[in-house]
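What follows is one structure encoded as structure tokens, with my remarks underneath.
As written, the chain order gives the labels A, B, C and D, with residue 1 at the start of each chain.
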Amino acid sequence: MANLTLVQAINLALVQEMERDDRIVILGEDVGVNGGVFRVTEGLHKRFGGHRVVDSPLAESGIIGTAIGLAMAGLRPIPEIQFEGFLGPAYDQLCSHAARMRTRTRGAFTVPMTVRVPVGGGIHAPELHSDSPEAIYAHQPGIKVVMPASPYDAKGLLLSAIRDPDPVIFFEPKRIYRAFREEVPEDEYLIPLGQARTVCEGEELTMVSWGATVIQCMQAIEKSGRSIELIDLRTIYPFDMETVAASVRKTGRAVVVHEAPKTCGFGAEIAARIMEECFLSLEAPVQRVTGFDTIMPYYKLELEYLPEADRIVMAVEEALAY
Amino acid sequence: MANLTLVQAINLALVQEMERDDRIVILGEDVGVNGGVFRVTEGLHKRFGGHRVVDSPLAESGIIGTAIGLAMAGLRPIPEIQFEGFLGPAYDQLCSHAARMRTRTRGAFTVPMTVRVPVGGGIHAPELHSDSPEAIYAHQPGIKVVMPASPYDAKGLLLSAIRDPDPVIFFEPKRIYRAFREEVPEDEYLIPLGQARTVCEGEELTMVSWGATVIQCMQAIEKSGRSIELIDLRTIYPFDMETVAASVRKTGRAVVVHEAPKTCGFGAEIAARIMEECFLSLEAPVQRVTGFDTIMPYYKLELEYLPEADRIVMAVEEALAY
Amino acid sequence: MPIRTAFKTEIEHVSILDEHGQFDAKLGAGLIPDGDVVRLYEHMSICRHLDEVAFKLQRSGRMGTYPQNMGQEATSLGAAYALDKTDWMVPCYRENCGLFWRGLPMEYVLLHWMGDERGNAIPRELFCMPLAIPIGTQMLHAAGLAWAAKYRGEKQIACTFFGDGATSEGDFHEAMNFAANLDLPVVFLCQNNSWAISVPGKIQCSAPTIAQRGLAYGMHSVQCDGNDVFAMVKVVRDAAKRAREEHRPSFIEAVTYRLGDHTTADDARRYRDQAEVELWKTRDPLIRVRSFLKERKLWNDSKEAELRERAEREVSAAVQRAEGIEAPSSNDVFDHTYATLDPQLLTQRETLRTNSLGQESGRRPSHAQSGGAH
Amino acid sequence: MPIRTAFKTEIEHVSILDEHGQFDAKLGAGLIPDGDVVRLYEHMSICRHLDEVAFKLQRSGRMGTYPQNMGQEATSLGAAYALDKTDWMVPCYRENCGLFWRGLPMEYVLLHWMGDERGNAIPRELFCMPLAIPIGTQMLHAAGLAWAAKYRGEKQIACTFFGDGATSEGDFHEAMNFAANLDLPVVFLCQNNSWAISVPGKIQCSAPTIAQRGLAYGMHSVQCDGNDVFAMVKVVRDAAKRAREEHRPSFIEAVTYRLGDHTTADDARRYRDQAEVELWKTRDPLIRVRSFLKERKLWNDSKEAELRERAEREVSAAVQRAEGIEAPSSNDVFDHTYATLDPQLLTQRETLRTNSLGQESGRRPSHAQSGGAH
């Protein structure tokens, strides 16, 4: 048991799983000698060699496309895409191939790979280093989408993702890469994909979030002084509607918080599903506190864009006053 | 005034607008001599020459990326992507550049282009020729998304799209390319982007759809014998929430219908917004009749996947019985 | 030396049995045993027949869009012959002849074009990838498959097939570049058939050869007559050896021609001269092998008649198997999305519905506090 | 002739003023007037100083991540000098020197790295595109810009800049291929600085030269010493002429070196030998021009001291302008998304909220039939 940051927890999971399973190959830009631009793969190249930790050419479609081949051949590739803004060139390989291979071949070929991707804003990075595209991949059947909000969860979810027989996009919220530490067991533990975590219980309102904004939600709950149940989805697809619905049936009100733009963000799905499953319990419309329907600004304005605690508190108050 | 199919209406709009505006350049795979695989650009190469109607190399990112350059230089490119399944390789140029150029340069550079893309299922085509990715682009700020459901609308919307100062994806539902004819005026008329069309009025329930499923909705309304108000969104982003909300406030019930998978489809946004804006009028949760959260099947099973009239009728009955 | 030469190279063109039936005895010596030439010819003829039958199936509404392979049989067949049975074949959709040689039953390809995923449920021991619909994307999978073999220290390689049009896609470049720079055992085989639907070769590559695309990666690159099964066997065998022994990829431009329309949905008369087609008919890969065999007394008209019958028998049996398969069930829409279906997918599968009430079997949700006050 | 040569070529390397100060009088004759050599040297020195200042701004928290250009000044500057003032420059992010020569005020670049979009609001009459963050994507825009010029019958061309790493991206290939096959007046200028962050050149291109990437497209391709401003001027001038007069694109590999870290977020000592850096310091583009000028009595220490002062003055004025700009307003988050904002965006802008009640200003929607019965 050690007190680790999210970066360290992921690094630990990678090391342990690579020791356990020699089918794992890590590939991506700067993941080798340099240990990744966020140092998530630090030490792996030295420990496992250039055979298993591979600095690839600068080409995201190439990284995902070759990883698909590796996976179809029975290996367990863990490609890294350096920033979520550079998933774009890999979109086609992910959605036209990785997501469809099992269906297309009726299971003869499958793509067990875990794509690691730093995600989200708040670190004063340049353009296209601060986006949140989780909804895009949640809309693509055949892919799973995971986003941890704490070091402990990161390790347990990453191990489940790696062992999952289907392609998983593992989004790592870079704003909390090193924001805080948490006890992370040395021993192996798995957090099943598709299970949310109830961060804190409450009676007046249900708050649903994932990734870095879980922290903003906790701040907002603190500030508001209300009895709020906070649910960290952890897995975006498949998502744990049971936990969300049970909570909303209890509280009658919900606020969903995410960084991505509002329109067709994953908050839309959560809101629509809450309506579908908890209609008669709902005392107010589900509130969405999200990024605006605009381009994520360069960093001078990024805090105007991101849903911070105050904006969340206002939505809570309005839902409660409804 | 002539009785035209959707294909013919689009062709007419292209011809007339190219006559009017010599900044228009059409580019794409097989759009020239062959007139496009659906014959939408038939006759244009002959009429306007290879200078303005250009058979491009087989590369979708290249088509959109060069079109962005053409547009930034002040032309009005109309690239065609042969099928929506091949938008994937162009995703990055669309979302990282076309959508962001105005924001990034504070308006110094803009991307006035209209990307024409056949969309949707139901024509017994091979894999990746039957998808419906409108939600993906609706989630991307900076892009507009249009999908006509009739020949008349197709002409009027396409002219608006071409003249719009921002990038527009113009999805053409291939299932109704030649399914029926409609009177289409020879004279110029514009249908503003962002305005829905009320196909028929009704009192008991509001049905919202776009593209080819508008036809399925009409069949369902016929079958159900109910008084249903059908709204064809026409523009997916920006969408005409005012018309939708006014209708739902009147009827108290809503069903949204689309071909794309349910999770994070555009129906989620519509459902969530209806809840936000019409909460106190809602008598039942908004129903979504959509594609399943699975890969669009090869064509033997495509009609099991697509929302056909019977499935819509069931949702209507359930909403009304709620 | 202010201007010096930094790089110098040339691209070779290989031909062994040419369109006039001329056979290069030196290059061709011992390349393919006579008995195998007979088998290759028979195989090509059967595939040609399948093509004709498939065309008719489409026209009579028994099959969807189908891309004829006619005229290009020698290319994929020569490759399949030159490869080991456990080398990966990573096709596009015009490689029936090579895939069938490998052992893929014909009904798989038919099923695929009949709109049935079971056509791609290819037994793994055949080492054939499913047909690739999005152009240019499958070469990256070939690079990954080859990489996995190398990673495991196996002698397996991958050979991937694609058209001239496919070389315009970014993924082609990335696959070539990964293979060259990471030393992956891949054979990249471009079937240059002059057209990508209606777009002529010069729009895809205005360089004198497509083969020289490989120079960008420092890759061994060669052009050959793709309608010459001997040349195909030679260049693929050389490339396979290079891959297997040195982990070096190669690029092959096989010059061939699509004698039919692009697919049954296409009408090639709209954009190409019939004279060009007629010229290429004289270069048909079957014709030259038949005269080669006849000259050597390995073939005659009665064998031809027998073959004709065999082709009809085999193809119609395949069609029967493809058409005889039980209809897929609606469960098939769901069951292959993930290894295990999540609750939402299970509900969708059970109800065949997506709307919320359907999910609760038409009943009011039992949990509802009736008449919630708002 | 069963094996014949289908294509044959070589790639030249051009150098004029080499790292030892050797000047090739024949190639260099009349290339750049002496007075301009002085101006180019002064300009490079000022840019170098900006780089140092920017580094310090980042370290002291006054600027975000910044990519130093140090060591690569001659490449973009030689190009900018060789181009016409109305030719498009389509940069990546290591072309400060060329962009400033064109006339881009330094504060634009500073503002960009200070996280302010106004740094990319480049006056159109400068014919400079904004800095490109996603690697490899901007070459396609250059192809489109050049195409537009050709379409209108103008003599304008486009020159686009990118690194060695960028040549691994699919978009690079598509841009080169479009330009070659559609005859677009583009100059593709690769700044091969040996590294893409921590990844060495051989992982991006294992061929003997990057220049030969152009052979794939039948494009005129050349390698040159990118630290030699004379060589740069020559090869870009030749390429520009080819583009302007024949509508033919060219590919240039300029061999240079990144003397600094990749960006201020990087620590290059983790992955590269200091010895390599020391070697390249001797090849610094500034040093050789200074000795060239000194040898010809065009430069001396007092001029150097004056230049130092001028650099400090100009750079600190630019920093002041960048830092002195008024803070952006929250309206700026919205106002540039579309030419006209739709109702939903207007509401978001007005309320600075996305939740539904915020949208209706905290009041119950006025339309609500109070107590709707369900």
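Keep in mind that, in the parts below, a residue touches a chain if its C-beta (ideal position, glycine included) is under 8 Å from a C-beta of that chain, and two chains touch if they have at least 3 such contacts.
These figures come from a predicted structure and were not determined experimentally.
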{"item": "Remotest chain, chain B as reference, centres from CA atoms", "value": "D"}
{"item": "Distance between the centres, which are taken as Cα means, of chain D and chain C, whole angstrom", "value": "41"}
{"item": "Cα-centroid distance, chain A relative to chain C, in whole angstrom", "value": "38"}
{"item": "Approximate Å spacing (C-alpha centroids) for the pair chain A, chain D", "value": "34"}
{"item": "For chain A, residues contacting two or more additional chains", "value": "56-57, 59, 61-62, 85, 88-89, 92, 96, 103-104, 127-128, 141-142, 263, 275-276, 279-280, 282, 284-285, 288, 292-295, 297"}
{"item": "Contacts with 2+ other chains: residues of chain C", "value": "117, 134, 168-171, 174, 177, 181-182, 203-204, 332, 336-337, 344-345, 356, 364, 374"}
{"item": "Chain contact topology (line, ring, star, complete or other)", "value": "complete"}
{"item": "List of chain A residues in touch with chain B within their complex", "value": "61, 85, 88-89, 91-92, 95-96, 99-100, 103-104, 127-128, 135-136, 138-142, 237, 260-261, 263-269, 271-272, 275-276, 279, 282, 284-286, 288, 292-295, 297"}
{"item": "Chain D - residues contacting chain B, complex", "value": "117-118, 120-124, 129-130, 134, 137, 139-149, 151, 158, 170-171, 174-175, 177-178, 181-182, 332, 336-339, 342-345, 356, 359, 364-365, 367-374"}
{"item": "Interface residues, chain B side, partner chain C - complex", "value": "29-30, 32-35, 37, 55-59, 61-62, 85-86, 88-89, 124-129, 255, 262-263, 280, 285, 287-295, 297-302, 304-305, 307, 311, 314-315, 318-319, 322"}
{"item": "Residue ranges of chain D touching chain A (in the complex, touch as defined)", "value": "64-65, 112-117, 133-136, 165-166, 168-171, 196-199, 203-204, 265-266, 270-271, 327-328, 330, 332-334, 336-337, 344-345, 348, 352-358, 362, 364, 374"}
{"item": "Chain C-touching residues of chain A, taken from the complex the two chains share", "value": "25, 51, 54, 56-57, 59, 61-62, 64-75, 77, 89, 92-93, 96-97, 101-110, 141-142, 144, 164-166, 194, 238, 241-242, 249, 252, 275-277, 279-284"}
